[in-house]
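Below you'll find the structures, each written out as structure tokens.
Heads up, the next two complexes both have chain A, just with different partners, chain B and then chain C.
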Partner chain A sequence: MAKPSFSDEIANLLHAGHGNPLRTCIQCGTCSGTCPVVEYMDHTPRRIIGMIRANLKDEVLASNTYWYCASCYHCTVRCPAQIDIAETMYALKRYSIWKHVHQEGLVGPVFSETFVKTILRSGRSFEPILATSYLFSSGARELIQEAFMGTKMMLKGRMPVLPPRIKRLDNFKRMVSRVIPLEADS
Partner chain B sequence: MSKGKRLLIIDDDPDFVEGILSILETAGYEVETAYNPKDGFDALESKQYDLLLLDIMMGRGAEGVMIARKMRKDPKLREMPVLIITGIREQIAYLFPGQPMHPHFVEVDELVEKPVEPDFLLERVSALIKAAEDRKAKG
Partner chain C sequence: MKEFAYFPGCSLEKVGLSYHLSTVETTRKLGVDLKELEDWNCCGATTYFHVDELLAYTLCARNLAMAEKDNLDLVAPCSACYKNSYFTNKHLKEDPDLAEHINYALEEDNLNFSGQIEVKHLIEVFVHDVGLEEIRNNVSMPLEGLRVAPYYGCQILRPRKDHEDVEQAEFFEDLLSAIGAEPIPYPLKLKCCGGSLILSSREAALSMVRNLLQNAEDNGAEVIATACPMCQVNLECYQQQVNQEFGTRFSVPVVYFTQLMGLALGIPAKKLGIGKEIVAATPLAPYAR
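Up next, the complex of A and B:
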């Protein structure tokens, strides 16, 4: 089989080889017009799709677009060519994490890492630990605001003080090790 | 030894495939490639191979493991030796800092980590094929 282009590589990450859906994009810009976080992105989703199709690998990977995607799936719902754009953003996230090529200083990758680590350790997510992955990237005022909000939530019992754990954590860890052939670090 | 042996590589990383492809072809193997799990499994079902070189992190996640599990359920594919070549620890090391396990998905499988030394790769490939042939001869 011929060596796949960058565009095919991304398509391979999407639907495990049911063709390349990005080729059907008509560049109408509905996704970009719909996106609630588009103003924070280096390139709009429409442009990213165009860039993937043009095999502009370095430019695509250097952009923050896919890490800023809020996964609201509005673009996917409205796309007239039925492209799963939010899933494409996830494909780019996977690609950049697996190859360690994403932009430095982004909240997204750190957040994902902390989230999965917390889940693997205790089977549950724990907000106070998760928050620290991005808290310090914002200003002092936001920090105090967040801390205030967190304390209030804890006092009202909306957030646990100690990290919650699931029952039979060993079973869960064994389940994970059946999917990923790596020994747990215990 | 390597003459006429047919191998299949299922790996989504074109650069890595290019590397091991040239090593294996120079050694005289007949090699086919599939760059996504779906094409890979289709090839496994429709053609005959002596050995499979399988990546783990493909498609939506650990789809290499899904291929191996499907192979185990297939009476024809169950016997095929599988060499899993993965960069899984490097790719998601922060999640799973442990050592790689011998996965035992099929009758004969082995896990090696990327990057692979050419000599080591050729040695493991020929050893796995030989082991499979010996088992067949014993019946």
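Up next, the complex of A and C:
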């Protein structure tokens, strides 16, 4: 059997997409015109879809576009070709984590993995909190400000000191191991 | 008495505590019974779907299955929890093979998903299940003259829905009017606040928050009302940084719609978590008990 093309892989990567009809893209640019992050992206959403279709795998994966996507789904609800662009961005994130290829210096990939580990360990998490502590430990100077914000919230009694846990954690971990092979490391 | 399974989500345990408190108070006052899921887990937020989609469905399905056990519809106050639960429910209902796979995992916790219930966002419960008329009838302290920007954010409306128009929502405004407040025109009300974009690009995230604050201020908002703990954190907590970055002087309180409702229903401010803000909610003082 022939190896699936990059564009087929991405189109079919997500269950929710049920096969995203990337081929039907008419390159109208509605997605790019809607996207609130477009000016910060290496390639606009329209271009990324075009590049996926052209199987420009390396260029697509090397771009910051899908990591900068905020998952606001505004493009998705407006696309005249019913392409779920936001889910495509998720598909790219997943693909790049699998393959360990992404642009240097991005916080997103490492954070995603840290976040998942936290949930697998406790059943609970909290994205903004984890973001704060993650940024703190990552040590980047301009990001430390976030941590100060965290401190202020702690003083106001809004930050948990200990991460909460669910009760039936053993069941939970066994449940997880039935869908993904990796054992939750505790 | 209307009863729902309540899935507060991790954000409401501390950072969004005021949202939790005011949710409990306002629903109680309006005769809605919220039964907290006995051992809910994190829904995975946006990040999970980056790593493993099946796992993401499993996590949400566990919560759904617990609600099914009590035969109650699930209500989530966090837009991200809502969206994840809503779509897991929808996809699993539509795809028996997927459901079977997930049910195999749920067996480990003696649970089963059968697709018996619906998922709602908290604001829908007020607007549709309680109803605006009922809310109006219970108002004892109308928030007359309070100019509020209704901030929907993204995930209450998108990417669904099955029928309603996702670009022309008005229910938040209607709810604010029902409690006597004045919803201001807020053209960016459906624009994204950046979610957790601050991780990938501080520059992009701060400029998105800035636009939302600017738009609220330009239209004369005294407070911004949100229906999501993440929106609340982004709009309130990054204000200082926005000011540093752009030389602006924003100082707009960002509160939960349930806190405003609570005041209008005559519930004491303290019970609604008012006073825990970083940007003090002074415009609410005249209405507070």
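Following the convention adopted for this analysis, the second predicted complex is superposed on the first by the 154 of 186 C-alpha atoms of A that agree within 3 Å, B and C clash if a C-alpha of one lies under 4 Å from a C-alpha of the other, contacts with A are read in each partner's own complex, and residues count from 1 in each chain.
The rule is simple: contacts are C-beta pairs under 8 Å (C-beta built on N, C-alpha and C of every residue); 3 or more make two chains touch, one makes a residue touch a chain.
Owing to the predicted nature of the structure, the values given are computational and were not obtained by experimental measurement.
Once chain A of one complex is fitted onto chain A of the other, the partner contacts of A:Asp8 are limited to chain B, with no touch recorded for chain C.
Contact with both chain B and chain C is seen for A:Val179 once the two complexes are overlaid on the shared chain. Once chain A of one complex is fitted onto chain A of the other, the partner contacts of A:Ile97 extend to both chain B and chain C. Between chain B and chain C, C contacts the larger number of chain A residues. Shared interface residues of chain A, touching chain B in one complex and chain C in the other, are 14, 16, 94, 97, 113, 116, 179-180.
On the chain C side of its complex with chain A, the touching residues are 10-11, 13-15, 17, 38-42, 44-55, 57-59, 62, 80, 87, 91, 95, 98, 101-102, 104-110, 154-155, 158-159, 166-167, 190-192, 194-204, 208, 230, 233, 237-238, 240-241, 276, 278. Of all residues in chain A, those touching chain B in their complex are 1, 3-4, 8-9, 12-14, 16-18, 94, 97-99, 113, 116-117, 120, 177, 179-185. Interface of chain B with chain A (complex): residues 12, 14, 17-18, 32-39, 56-63, 65, 84, 87-89, 91-92, 94-103, 111. Within the complex formed with chain C, the chain A residues making contact are 14-16, 36-37, 39-40, 64, 67-68, 70-74, 76-77, 84, 86, 90, 93-94, 97, 106-108, 111-113, 115-116, 119, 123-129, 131, 134-135, 142-143, 145-146, 149, 152-153, 156-160, 164, 166-168, 171-172, 174-176, 178-180.
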